[in-house]
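The structure appears right after this line, and notes come after that.
Chains here go by letter, A, B, C and D, matching the order in which they are written, and residues are numbered from 1 within each.
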Amino acid sequence: MTAPEILSAIQTKFPEIKLELQQGPAGDPWILVTSGDVANVIRILKNELGLNYLACLSGIDYQDSLGVVYQLRSLSGKFEIMVKTLAPLENPCVPTISDLYASANWFEREAYDLIGIQFQGHPDLRRIMMPEDWVGHPLRKDYQPPAEYHGISTSRPNTHQLLDQLRTAQNRSDEKSKVDTVPHVTQSGTVIPKSGEGQNL
Amino acid sequence: MTKLMVETLDTESTVVNMGPQHPSTHGVINLKLHLKGEVIEAVDPHVGFLHRSIEKISELTQFTGFIPYTDRVDYLSAMFGNQAWCMAVEKLLGIQVPRRAEYLRVIACELNRIINHLIACGTMAMDLGAFTPFLHGIREREKVNDIMEKICGARLNYNYMRFGGVSRDFMPGLDKEILDFLDRFEKFLPEFNRLITGNEIFEKRLIHVGVIPPDLAISHSLGGPNLRASGVDFDLRRDFPYSAYPEFKFKVIIGGNYRGEAGDSFARYMVRIEEMEEAAKIIRQAIAGIPEGAYQTKLLRNPVVPSGEVYSRVESTRGEMGFHVISNGTDTAYRTKIRTGSFVAMSIIPPIAPGLMVADLTAFFGSLDVVAPEVDR
Amino acid sequence: MKELYDSISTSWQLSPGMMSLVTVLWILAIAVVVLAFMATFAGVTSWVERRIAGRMMSRIGPNRVGPGGSLQWIADGLKCFLKEDVIPQAVDKPLFRFAPYLVFAGCFAAFAALPFGYGIVASNIDIGIFYISAITTFVVLGILMAGWSSNNKWSLLGGIRSAAQIVSYEIPTGLAVLTIVVLAGTLNMQEIIKQQGGWPWYWFIFHNPFSLVAFFIFFSSILAEGNRTPFDLPEAESELVAGYLTEYSGMRFVFFFFAEWANLWVMSAIITTLFLGGWQIPGVADLGSVIEKSAGTVKYLWILASVASFFFKTLLFVFIVIWVRWTLPRLRVDQLMIMCWKYFVPIGFICLIGSALFAILPQTGAWYWFQLSIKLILTASGFGGVVILLWRSFYNIRALDDKIYFKVWE
Amino acid sequence: MVLALKNYFINIKKAFVSIFEGLAVTLSYLARKPITIQYPDRIPTPVQEMLPSTYRGVLEVDMKICTGCLACMKRCPIDIIRVDTFRDTETKKNYITRFDIDIAKCMFCGLCTEVCPTGSIRHSTEFEASSANIINMVLQYVEYGDKVPFYKPVKDQEPVSIPQNEAFRKVHKAWNAPAPIDPEKVRGQVRWKSDQSAEDKS
């Protein structure tokens, strides 16, 4: 079954549900459902069309709204469909589907943790990847990472910049750069004589 | 009086933290166990200790630059991360991969499947206290690592595939080397089975332990060997064919044909053992029928990918590895969601573990073949 | 040993006060000799075990310290003794400190009644095997103490496991020992050995089918008592982190392992004594009477030969225990108990009764030939098993097209 | 009852046979060659020479044939390559004044080598590049103060390159080599980022 067929199969049975088939310039098509209807639509897809396998659930920050994309699959019928729903940024509430698919429990926890989508009716909506006391949702586009977490810096020094600073400091202290005249000894003890000195290209 | 006694004697369950540093959690995973004696009452898995924000990195790195990161999603089967990512971007770009490249990809992936399952079976034996099979597995794996070094130049983080092909062609004589390895490997597996698989203690430790019924396996979106061991006949390579897999004959291994029942830990172990044999057969077919031609399309330095959404998935060693990629028409992904087999395998532990003993939990956990970095990404 | 002491007491003509001093010094000297032997053995075995385990896994094992790594155990011991003695704050300190020594003492005390050769035994007590079975159980007290005092849940689980395991396995061990005691009619270790002849078919292992079964029961249950794989549940590193050892480090940790490796000798020596004819040399019909008849240097040479024979058999079993450890996975707690109570105990009882029946069979006429033929058949099948094992090993090498390669010093 | 008894003995037999087989396998390994490579000192040839030439070791640059196109710098996903060029306005010649590779951060992916037009940047088979000082992990293929002219590719002629590993060995310092500048002397002028944030906080 292809996406248009699935769409028409639902529409003929439940004409009151608002569905839309969309596709970007490239890639897969998806069915857009309003966030209020999404649990019902997925229940219909699961029970009527046999899409019994939730392959993936991803939360996405579309900047103007937050989205949840469900990748549903029928193991016996060998077809799959992408279902998308959008939730407003201010109050991103989407009904949970963890009662339909047990795996949605953790997928939704991850989407909540990283994007900040509130899944209504979820039995255990806790952070899963980030620590419990982390502030913010890191995969939001407007997220600013904190400089440190419990005294641990979240950034690393840039070695190139460090080298630059060192060189500037060196020039300032008017020291000539020393040439390393020690023969090169690898960790295994092989001595490689320092060759090519003064061989300026 | 008796009632009072019972009430006062009733004890709390012991809460024990298994991990993050524990020999059998295969990385940093914390399982909070509620024990009654040695019997588990409840398990609360805590993951995220190895969260390296690979999904965030994908939003900051160009499409090509993200290929090495896909190695790190599951470092034991890096080829599959490569392949899933490349397939996703190729689908958005609309590139047709040359047939020779597809064959090279299949050979590399199936070799990777063999060495990953060697580790999986070996660590499982190690969880049960037998150290020797693990090192025997590692020894054979080392031979494939040498081959991988010649295929792509690295032993662990392969970074072999590119959009529209693979990074380099086979060195001359490499196919002979792979066939030599397979000859040895097909003799090694029976010896491995004599050493550990057939062992009565080993089987007794695994059969009827941690049985995952098929409906629960599907509901929890398990994939790969874990799903098939429960008796669900599903394999992405056969049912949603990709790459060159439709051109090969191979058997999809279903659990439950041995001692014990479908869905128990021993079934999962045996599915892995048999999949190694199947992988060897696929490699033989691929090497026999490898076509001549280009190994990649014109090298794409920094492709600008048309906007759209795509979900590409491959049959990885730990189940389905899926990349949900959203492009907004630039050279960088707008959002990438990586779906991994270990993540869903972790979520099956809370419903199955109650009633098992601590020793069973290590066997069950080992049989799920969870790799911590793949859980957290 | 006893003769030497007697000769001192008779020839030196000491006063009773001096004599008691000599006795104390004598006991101390013997204890030091045994301790030195035990320490050296435990140390060297730790290295040997690692080398053997290495080769079984296609590795080499420690080979850098001394020739072939043979001084590795000294380096390891020194390292552990120089380490800081960490005692966690929340532990029950007196018990925590005391537990390793208790384990060590339980193991060391067993050496008192162990024979090393003809007449060479620290204390030739008449209840020898009974004493050893009793005193080795001391170890469980130490392990339980360690598990409890560590104030760590993993340690506690390990300690409890150990208590359940060792107490349960005392029964099959005892039954198997009784099987032999019934045949030998004595508890004295030297006497048990003297009851067996030189040739393998006169050893108690091949005395009758029941004693052969008893041998396997004894071997398995003594592995369980010594906490060796496949029965190493108390320390089960993949389940309980390190069991009762989790909180220990440095010197105290070494003491536990010291006891474990010394225990290897204890169990192998008991097996050798009970089942494999102790210091009897195959080919010499009755070594005991030969030594008694001879005198002077010849006598000492014979005693030396008996020591060599005993050591050879014991070290063979040390090897087998190591070999089994690096082959088998670990049992689960309930399976361990099932194995004990459903398999070893009933079969042990059958063995005891069966052996008792054999013991009362007359030794004359047709009965003699009947018993001798059973012994010969059992011996032949035993050696047949060894031959099949070797054949299977060579089959394994051939099946992988590997070459035979013997090089011990790598 | 009979079945239970039969199972009882079958269990014993299975345990015996399977353990016997396992013991035969482990015993056979005592008579086989161990596969351990006694790195680093007890091997006939250095590991570097045993590796295939395709091995992705530490990056090295043959400055003789570097065209200064900066493709590698742009390609690197983690910005470990830093190339500075300058144009001499008098002679109208281009020079490379700096070619630094921070191998402390490098993940050996090999993407930079694929975009190089002349094969100047490439993988050596060296892997022993650790250092006690993180500054020494920055491999400076152009010595500080030097300038290297751009290489101009000649048509229909493969660029001649120096042998593999040579360029790396020239610039790599011993693992315990001192830092290029004594940090004590420049104290107060160079600060690590984490130090800065800690100071800002206080």
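To be clear about the criterion, contacts are C-beta pairs under 8 Å (C-beta built on N, C-alpha and C of every residue); 3 or more make two chains touch, one makes a residue touch a chain.
Quick caveat: nothing in here was measured; it's all calculated off a predicted structure.
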item: Chain hops separating subunit D from subunit C, counting only touching neighbours; value: 1
item: Most centrally placed chain, judged by C-alpha centres; value: B
item: Most widely separated chain from subunit A, with each centre as the mean of CA atoms; value: C
item: Cα-centroid distance, subunit B relative to subunit C, in whole angstrom; value: 44
item: Length of the line joining the C-alpha centres of subunit A and subunit C, rounded to whole Å; value: 59
item: Approximate Å spacing (C-alpha centroids) for the pair subunit B, subunit D; value: 27
item: Where subunit B touches two or more other chains, by residue; value: 132, 139, 191, 194-196, 199, 201
item: Of all residues in subunit C, the ones touching two or more other chains; value: 56-59, 326-328, 396
item: Subunit D, residues touching no fewer than two other chains; value: 19, 21-22, 24-26, 35
item: Pairwise chain contacts under the document criterion; value: A-B, A-D, B-C, B-D, C-D
item: Subunit A - residues contacting subunit D, complex; value: 147-148, 153, 155-160, 162-163, 165-170, 172-173, 175, 177-178, 180, 182-190, 192, 195-196, 200-201
item: Complex interface listing, subunit D residues touching subunit C; value: 12, 19-36, 38
item: Subunit D-touching residues of subunit C, taken from the complex the two chains share; value: 52, 54-60, 323-324, 326-328, 343, 389-390, 392-397, 402-406, 410
item: Complex interface listing, subunit B residues touching subunit C; value: 14, 16, 22-24, 38, 125-132, 135-136, 139, 184, 187-188, 190-191, 194-196, 199, 201-202, 204-205, 357-360, 362
item: Touching residues on subunit D, where the partner in the complex is subunit B; value: 11, 14-15, 18-19, 21-22, 24-26, 35, 51-52, 54-56, 71, 74-77, 107-111, 114-115, 123
